[in-house]
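Please go over the structures that come below.
The following pair of complexes shares a single chain, chain A, combined with chain B in the former and chain C in the latter.
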Partner chain A sequence: MRLFVSTLLFWIAAVVPSLAAEVHPPSQVLAGAAFSMPSSGAGQGTLYLIGSAHLSKRQVNLGTDIEVDGDDVQHAGRYTVILCTDQCSASEFYVHPAGPDRLSLLVHPSRVPVSNPNAISAVAVVWDVYHNLEISPETVKFTVNPDEHTSLSEARTTNNGIAWIRLTSAAKSGVVKLQASVGKVSEIRVVQQVASDACNLRIHASSESKKIVIETDPVRDCSGNFVPDGTVVSFTMTDSAGETTVDVPIKRGVAKVEMPAHGHARITAASGVVTGNELNLAGGGE
Partner chain B sequence: MNRLLAVLILVVTVTFVAIAWLQSGGVARERMQSAQTPEEAVRLLLTEAQQHNFDAAYARLENRAEVDKSAFIRDFYGSNGSLLTYAALESFDVWGLHANDHEATLRAKLHYSTAVGPLDDIRDLKAEHDGSTWKVVWPTTHAPKLAPQVIPVNYLRWDVINRGAEDDWGVQNVDSPQVRIVSMNALQRADRVVVLGEIVNEDTVPAYVNVGATLLGQNQQELAQETSFDKISHTLLPKQVSPYRIDFPGMRLDKIKSVRMDAKAMLVPASADPVIEVSQQRLEADALGKKILSGQLVNQSGQIVNIPHVIAAFYDANGKVIWVSDGYIEQELMPQIPVAFAVDLPDDVAAKVQSYHVVVNHYDRQSS
Partner chain C sequence: MKTKAIMRRALLAVSAAVVISVPASFVTVHADDSLPKVSLNADNLGPRSIEELTSKVVARDYAFAWQTMAEALEQNRPDLLDGYFTGIAKQDLAQMIADQTKTGVRVRYVDHGHKLDALFYSPAGDAMQLRDHADLEINVMDGQKVIHSEQVNLQYTVLMTPGADRWLVRDLEVAPEAKP
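Up next is the complex of A and B:
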């Protein structure tokens, strides 16, 4: 409907341009900023203001400056202003974003294994106060705070409102804060750097009455980080009674299990696709 | 005229009642009221148990003094939210193994319909000749009881707070867990194609996983699509591995050019408890001569596991997954009390099996 009205009025304005009163908007204005447009002619006319997400109609006095409220031009883009008396005339102007005021920061992933090259991506999208994409080049500063005392920064210029950066995760597990800022606006996201797969998984065993207690050494990844609690370690014991398996979650850095002892036993452990050392116990216990 | 009509209605009613009685096995029941053979004794007992007429069934026991009635009922319909509490005894088969004039040994195969599909329970029963009739000697099972105690449980639990629906676009959310299919094998069985393998949760948070497979034909057209449904341990803790199996009934492997696998993972709240030990695993033949993997489950936590579900992956000499079997355990897992399990595997597969890996899935009333 809006398109139809716009097309119709355009056609009217194109057919009879020489007879119409005219309005002269500035070629460019900022979103949300009020401005005035000088007009020609005399008496009263009807002003149509048509934007990509705005349409208004009102009566105006010709021959004076026509005031346009900031609320009418909040959405960036091309606008058409049409002034009609007996005939109509049309002009166009462009509304630019009002300047950086908001920042959307997309950081992926939220969890990342340590020492993973280019594993973290951060994308900053710059908006003005009215949610118009700020397409003019802006400098976005990305700051990483690996710990409380250090911070690393790198600046990127937006292209069509978007700036992005790729980061390598640190060798030490923990939470890293990633901040993006443009002007006075900033956003922070948190990425959890988690230990990688267990490295050098080792188990030891001791006998308690009729049971064997099998326990891992503190389970760490190859960078020395503790593998998170809850990570499953699968213990397998093969003895004369058959095979016994238990999936045990790591608790306080170690996984521990008790198994019944039946003579000579071979015990192995694995966490995911990582296997540990093998124990051979003669007569239940080491 | 009215009197004639009344008599006619009465006759018709009596006729219908008689037909219904005959159709419901009334003659057989009447004949078995006083069991003349060991098989009749067992059949009568099972019929009454099937009809939940436990007083009558219990009265048919030779060893009533040794069998607690509530335990007898539990033997049929379970307790503590176990699978049998969601089951109905549909039918049974009884056949003799050994008999003389005084006692007999019989085997009964009970066919239950349960919330997770059909379940067969095989029991060996004894019958003794008591005067003019046969009575069943019900096996007395003294379930071990754990002494009252406090079992401290301090395993991890993961809760998830997701981005709210009202949050703005670009607000940070938590990512889905990273899972990976570590092996896949497509097999042709007699009446179906089976896709099986293993999946691992590579992340540091629990994952709810499901594996799907799409069979593609010679022109890459989709022939069939299925998921692992319950033949997988859906909730995987960090670094936990689960077997999966996907069946395609009626499909032929020679018609398939490729298989498209799809592993889906969701972030879900989960607990590292309970830890279930799978002990005394061994490949053997059951009483019917079928190859099975048997063992015991021991619930190492302090809470009851209502419905345990065993999933086993079998490997050949090269470490390749060649079969995945699963089975629900009809009995609940009480803390620290071992419960036997067995899952079957095809004879041709059993010959190639070099090792196996068992995981225990569990469905609990508290968490459902």
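Up next is the complex of A and C:
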């Protein structure tokens, strides 16, 4: 009899802890959505709710449905629920993103030469309202507006929340608007398309007293766009005194320089990898 | 006399060698001991290919990020996050630390290593997405009492962006496909 009572007490002692209060959350929840989870046991316990960016602790009545506010589950990912009385028990659930609501758009570069294949890249990252990465596939529409009347679109499906596209810059310089949109959300970036390298660089010269004035024709790229002011043109003069090089930035579409004349002179000009015509001046201003 | 001079010089040389070598080996050992192990697989990375140096730097900086995150959560110090976190990841972890301070509850990570798969490297090189298979021990402490402890293999989705001299973690989320 004594042995039986001892065995019974041993089993009670062993089993009671395993009957510790438990909480049963749903396996998955939508970010920001309130929910309830049934609990077992009686009396009061301490509930800990722990996510990757949230931690809360509160007293709860056991044996009832425990309410969880939407504010407590705004961040997507894994949550651990710990319920403690004398013992603690733990369970977990996942919070999923609430659906696309925000868009990050990375466009590179902000200035690009015209007619440059695959020179512009756009990367769109899709988030929900709480800034959780929206990992389910979504369709992102990339739209380019080269001018007020033209619009070109291309759709891409996100992979792990990211969609991207490469674009060739237009032949005409100017501002181009690049838009990415998913659902009702959209973001716009502006890319400045500038003239490419100079093409057919032409120079002419005139004598003024003891100086030679050398000037380019209006400097354009191969598509006819004016090369931006500030682009450097290098003038090189070779005469009896040796070789002289002067770097001059383009102003109002042309580059102009004055150089002293010493008899016969040979003059060339270059901008970037482009060289212009060669001038041979006899006598100069001497 | 000559022998004494030689002995003195030899002693000085040995002392100098000890002074130079001890701090160097200490730093190396310390770094190896404290940094979590991170390996990076970039076999399926696109559209931009990754340079060897960049892959080393990304793995190194991700290891530093986890190290500083664990320290920041252990010591309730959001300032430690400045080094390797930015944007939403830094904001989320700062919020976590604020919640820890308010409740007296702490989450402690014992880091057993990370296997990173690089998923996306933007054409301009300004963003990289990775998947991290992390092997962790997570302890939850209320005051000094451990109320929960678990060994987990979690799968994180990570977004990193380059800073001035390092890669920074911009987003860090546990993916639902994780197997606890």
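As a working rule, the second predicted complex is superposed on the first by the 265 of 286 C-alpha atoms of A that agree within 3 Å, B and C clash if a C-alpha of one lies under 4 Å from a C-alpha of the other, contacts with A are read in each partner's own complex, and residues count from 1 in each chain.
By our rule, a contact is a pair of C-beta atoms (placed from the backbone, for glycine too) under 8 Å apart; a residue touches a chain by one contact, two chains touch by 3 or more.
The model shown is predicted, which means the values in this text are computed figures rather than measured ones.
Student: Which partner does A:I82 reach: the first (chain B), the second (chain C), both, or neither?
Tutor: Second partner only, chain C.
Student: Could you say whether A:N159 touches chain B, chain C, both of them, or neither, answering first, second, both or neither?
Tutor: The second partner, chain C, only.
Student: A:A171 in the overlay: touching chain B, chain C, both, or neither? Say first, second, both or neither.
Tutor: neither
Student: Once chain A of both complexes is superposed, is A:H96 in touch with chain B (first), chain C (second), both, or neither?
Tutor: second
Student: Just checking: does A:H108 make contact with chain B only, chain C only, both, or neither of them? Give me first, second, both or neither.
Tutor: Both partners, chain B and chain C.
Student: Applying the touch criterion given at the start, work out whether A:L30 contacts chain B, chain C, both or neither, answering first, second, both or neither.
Tutor: So A:L30 meets neither chain B nor chain C here.
Student: Taking the superposition on A as described, I'd like to know which of chain B and chain C A:I50 touches: first, second, both or neither.
Tutor: Touch status of A:I50: second partner only.
Student: Please work out whether A:V232 is in contact with chain B alone, chain C alone, both, or neither, and reply first, second, both or neither.
Tutor: Touch partner of A:V232: chain B, not chain C.
Student: Identify the partner contact of A:L133: answer first if only chain B is touched, second if only chain C is, both if each is, neither if none is.
Tutor: Only chain C is touched by A:L133; chain B is not.
Student: Name the residues of chain A shared by its contacts with chain B and its contacts with chain C.
Tutor: In the superposed arrangement, which is not itself an observed complex, chain A uses residues 106, 108-109, 125 for both chain B and chain C.
Student: If we count contacts the way the header does, which residues on chain C are in touch with chain A in the complex?
Tutor: My answer: residues 47, 88, 92-93, 95-96, 99-100, 103-105, 107, 119-120, 122-124, 126-127, 129, 131, 138, 140, 142, 147-148, 150, 154, 157, 159, 171-176, 178, 180.
Student: Could you please specify the touching residues of chain A with respect to chain C in the complex?
Tutor: Going by the criterion above, the answer is residues 28, 46, 48, 50, 52-57, 75-78, 80, 82, 84, 88, 90, 92, 94, 96, 106, 108-109, 118, 121, 123, 125, 131-133, 135, 159-162, 164, 166.
Student: Within the complex, which stretch of chain A touches chain B?
Tutor: Chain A reaches chain B through residues 104-111, 125, 189-190, 194-195, 197-198, 228-234, 241-249, 251, 257, 259-260, 271-273.
Student: Which of the residues in chain B end up touching chain A in this complex?
Tutor: For chain B paired with chain A, touching residues are 154-156, 158, 168-170, 172-175, 182, 200-206, 237-241, 272, 275-282, 295, 300, 356-359.
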